[in-house]
Amino acid sequence: MKTIGIVTSGGDAPGMNAAIRAVTRLAHSKGFQVYGFEKGWEGLLTNTYRVLTPRSVGGIIQLGGTILRTSRCLEFAKKEGKKKAAKALAKDKIEGLVVVGGNGSMKGAYELSKEASTLMVGVPATIDNDVYGTDETIGFDTAANTAVAEIDKIRDTAISHERIFIVEVMGRTRGFLASTVGLTVGAEIILIPEVPCNKQAIIKTLKESAKKGKKSSIIVAAEGIGDTRKLAKELEEKTGSEVRLSILGYAQRGGSPTARSRLLANLFANHAVQLLARGQGNRIVGLRNGKITSIELEKSCAQEKPLDLNLLKLANVLAT
Amino acid sequence: MKTIGIVTSGGDAPGMNAAIRAVTRLAHSKGFQVYGFEKGWEGLLTNTYRVLTPRSVGGIIQLGGTILRTSRCLEFAKKEGKKKAAKALAKDKIEGLVVVGGNGSMKGAYELSKEASTLMVGVPATIDNDVYGTDETIGFDTAANTAVAEIDKIRDTAISHERIFIVEVMGRTRGFLASTVGLTVGAEIILIPEVPCNKQAIIKTLKESAKKGKKSSIIVAAEGIGDTRKLAKELEEKTGSEVRLSILGYAQRGGSPTARSRLLANLFANHAVQLLARGQGNRIVGLRNGKITSIELEKSCAQEKPLDLNLLKLANVLAT
Amino acid sequence: MKTIGIVTSGGDAPGMNAAIRAVTRLAHSKGFQVYGFEKGWEGLLTNTYRVLTPRSVGGIIQLGGTILRTSRCLEFAKKEGKKKAAKALAKDKIEGLVVVGGNGSMKGAYELSKEASTLMVGVPATIDNDVYGTDETIGFDTAANTAVAEIDKIRDTAISHERIFIVEVMGRTRGFLASTVGLTVGAEIILIPEVPCNKQAIIKTLKESAKKGKKSSIIVAAEGIGDTRKLAKELEEKTGSEVRLSILGYAQRGGSPTARSRLLANLFANHAVQLLARGQGNRIVGLRNGKITSIELEKSCAQEKPLDLNLLKLANVLAT
Amino acid sequence: MKTIGIVTSGGDAPGMNAAIRAVTRLAHSKGFQVYGFEKGWEGLLTNTYRVLTPRSVGGIIQLGGTILRTSRCLEFAKKEGKKKAAKALAKDKIEGLVVVGGNGSMKGAYELSKEASTLMVGVPATIDNDVYGTDETIGFDTAANTAVAEIDKIRDTAISHERIFIVEVMGRTRGFLASTVGLTVGAEIILIPEVPCNKQAIIKTLKESAKKGKKSSIIVAAEGIGDTRKLAKELEEKTGSEVRLSILGYAQRGGSPTARSRLLANLFANHAVQLLARGQGNRIVGLRNGKITSIELEKSCAQEKPLDLNLLKLANVLAT
């Protein structure tokens, strides 16, 4: 292997730059050249890349976002797009491609692998933590801590005003972020798409909390549960208490990565480069049962990552 | 003077606890007893207070919110409410009352002063910074830093995706917070209620920024300018670029106060207790031209604090 | 089981309060009463405790330190001390005792188990991460992030001045904290007690870094490696460059726990209470291979936790 | 005026980059070209600079350190050094030079102004806040907040262990940083070089604090007071309590600047460029009585900035 490429695709996640740095330096230590494609799949379609060197990726380990930038690329979504990308890879003699991104990016890498002879290795990086094959994705821990820090602040004002707060966190269609955040801020109620939202039960819990002497309540809601604005109004009417809504926005996607997100970026990158050096591809690296390992891209794309509902049950008891 | 009261009213602000601690300890050093009324004006109406001692206010200087809690009290808004509060003050022999809060609280204190013989001293604490008579309020600096830290994170993802972001910050009907935050995050555009929103000009600026090579833009908008959701849609249509909206919510009202918010809390409390010790009341303390001073409550309530538009002009040049 | 006790012992760690809250609420959900012994083992010797209830542990999940306080207790270190503690447990009819702390506390719990009929369950909480039987301890992730954030700041000034910095982190006699921190800040060199310090190699690396164009270098050193002051002087003499030393102190032991430290606190507490409810004791809970599990206290105390030197090797390549 | 230079000199301070960005963009808006000299005065001696443009200073407002880097330059300290620098300025046709730095840098600018016809404007930026002519320097607020955040964490462990902590903060020979930090963390004792250290009084205060029920104490000491290590030992012997020392190091000099440090950077830069545009030089800009203004460099260099001891007196009362 002489040349590998790297691309960050889909929504950005803190730690992507740490992964770019690690892939570049580890690849160089094995004698590979590294091309960084710009703006996600778009960079493959337009064959826009820059050569990455150990020096050019210095000073980025602590930066949020991705120096290669990213995009959601409509053209790549079509079959012709993937063929065009495959041609670019062949023309540039890219023997291995490290794809850093979430669920959609892994699917893209898998589809592309059918058109290209380049070995694909997926590195899961998304704050949604919804990639099958890894217990945790790069960026998830950072987003969780950002949300926790914000909600700790919101609780100050919730307690001072004795109010109920609904705090909407990201996570797209899944409840991984909301579960971890809700449990670790000590939320009274956690709402996720994986569990049907029972308004009667919510109202009952809020009333019981009030009876127990809790003067304020925090409801952590995943964005995937639907319209939180409507929910806030409904709860206000039904409980007679002041209900406020706070939507934690895009800040969850940025910021300097935590130690853990950086660590995963380094470890995943290491495994990815090792796979390529061994001539293995079409796999996705991940953390499983505390170990860095990999599974087939195809398998990852075929399955939905299960969410452990025990966290929610534990949170319920702990909120008493 | 033997006994003074303290009350935190209206929206909470980081540094209120530092003010409670400072008023209590300074008052005790002069031999006064201190009653802390709970839940804002409501505590006066129901005569609910706790005796505050130097020990009981230990360990709170760094906490957001207010240990006395606060509320918006409808009954107090009426004349009878104020008479009832005045009676409670007379009954409890409260000779001085320190009112910690924003614009509305200062107006409440002024109105109450007409009904009560208790000396009122206002301590301006609000993230909105909209109290006439002080260049800065307790909590403003903390809220500004919270917003700046969030927007620094949002810029990571704005740059990675080459998107336009509208970030809505608090400030009620005024643009103090938005001006300072916009200038210090290097926002391309700042929108405040004091300046009419010219959509043509916004679109022109965004297009010029793009031409200059700026791949992303941050628009900081005060909540007082109206519906930012609508604005986001309109800009997306007119510019053809992706526009995202992030509403920085109640976290701006909480969190550990900054050094500066704590400093102002200490200095304001010191001046407030000194006024009361000298038998002076119906004044509001503040920072003017770098000095701690006070003006009449009546004067503060009669005027609207002017906003320095030079900050905006400077921001405009700096965003080039 | 009717009554359990909880004690925090040894050095404090962020997340101890989250563990106290979780143990208390989970135990109550099973119908147990909870006594919180104060000031570590000293509280057992003096039989000083407070009854903990679900309400009394509210609002502490986000606080650093331990509301039960802690101490290093000389009397308990002796056999008579342990007998006295055992008597107190018998007198109070404490059937289970949750011991939250580090290596030393686990050894104390094990020794105490020989004297007392109370079931002991250890919950590993220490920033040193040096407890055998768990891949990670409560507080470790928080300390790592505190150190990383500080070193990110130090790198600003290191780069501006083109200096070499030695940053000493905690970890007592072990290098767990230094390894993770060094890898995730991108340190040029990591020094830990588990690997003999080769000054020639350090100087060679620094000179090579300079040749490669690196204008500044960060050396992360575990406190266990010896006198960093002397090392700084020596490196300054031998390299001819400015060398600065920064000792990250006790702040690493405090601060609001990260999401991960809170999560481990909740999960460990859950497992600990489940063990006691099942009548099992003299075990220590932990995270092994991504799962919450437990091993015998005796086994944990008999062995030294191995440190994965692969992290260091990876860091070496990544620092190129 | 056609060309101005900018140099950052001496110790770095958070907000220097915000000042570089603001000077560059404001100068460009007036049609000036901007040269950024590298590595402090050394860049003038070696005539090493880069042309700064509005685009090249993008994305730096939030970064600690200085992109121009800085140094302490021995050659410049001599008269011949200044003559050499003056020649470089003449050769490059630099009509105005903005010098961003602390006390020493202002003295350097003043001495250089005697040799060069270039108009000098000083922009005070140092965490020490020791520049005569301004109530606050760029970077001071950031350093204060960094120290406050660290000490808030240290208090967690101080309370948990019921220990006395000495925390050494920076500030070189002066006590500005220690005073503000000590007051705003609620330190029991503040030690600064401007007030002779009375060990008897310290011990008395510590014993009184203990009697009042305070279980832990924080002593904030300026680095300028002398050997804190020795002090810690002495206090431990004399009080019989555990005394721990934490030296907050170079992290105080780095990190992302606070809103206030960025604001001052923008306002100072604005005033500096306005002075040069008006053909005025040999002045230092600053904040005095809440207004941005300037005084003569000579005057600033001739006087020592007074420290307000009232802050210490207030802190003493508040620590009761």
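To keep things simple, chains are lettered A, B, C and D as they appear, and every chain counts its residues starting from 1.
Here is the rule we go by: a residue touches a chain if its C-beta (ideal position, glycine included) is under 8 Å from a C-beta of that chain, and two chains touch if they have at least 3 such contacts.
Here the structure is a predicted model, which means the values were calculated and not measured.
Note: the chain lying farthest from chain D is A, by mean C-alpha position.
Chain B and chain D, compared by their mean Cα positions, are separated by 28 Å. Our note on geometry: chain A versus chain D, Cα centroid distance of 40 Å, whole angstroms. The multi-chain contact residues of chain B, meaning those touching 2 or more other chains, are 152, 155, 159. By the definition of touch given earlier, these chain pairs are in contact: A-B, A-C, B-D, C-D. The part of chain D that touches chain B in the complex is made up of residues 18, 21-22, 25-26, 28-29, 54-55, 58-59, 61-62, 135, 141, 144-145, 148-149, 152, 155, 159, 180-181, 183-186, 212-214, 256, 258-260, 262-263, 266-267, 270, 287-291, 314, 317-318, 320.
For chain C in complex with chain D, the touching residues are 8, 11-12, 14, 16, 39, 63-66, 69-71, 146, 150-162, 165, 215, 244-251, 253-255.
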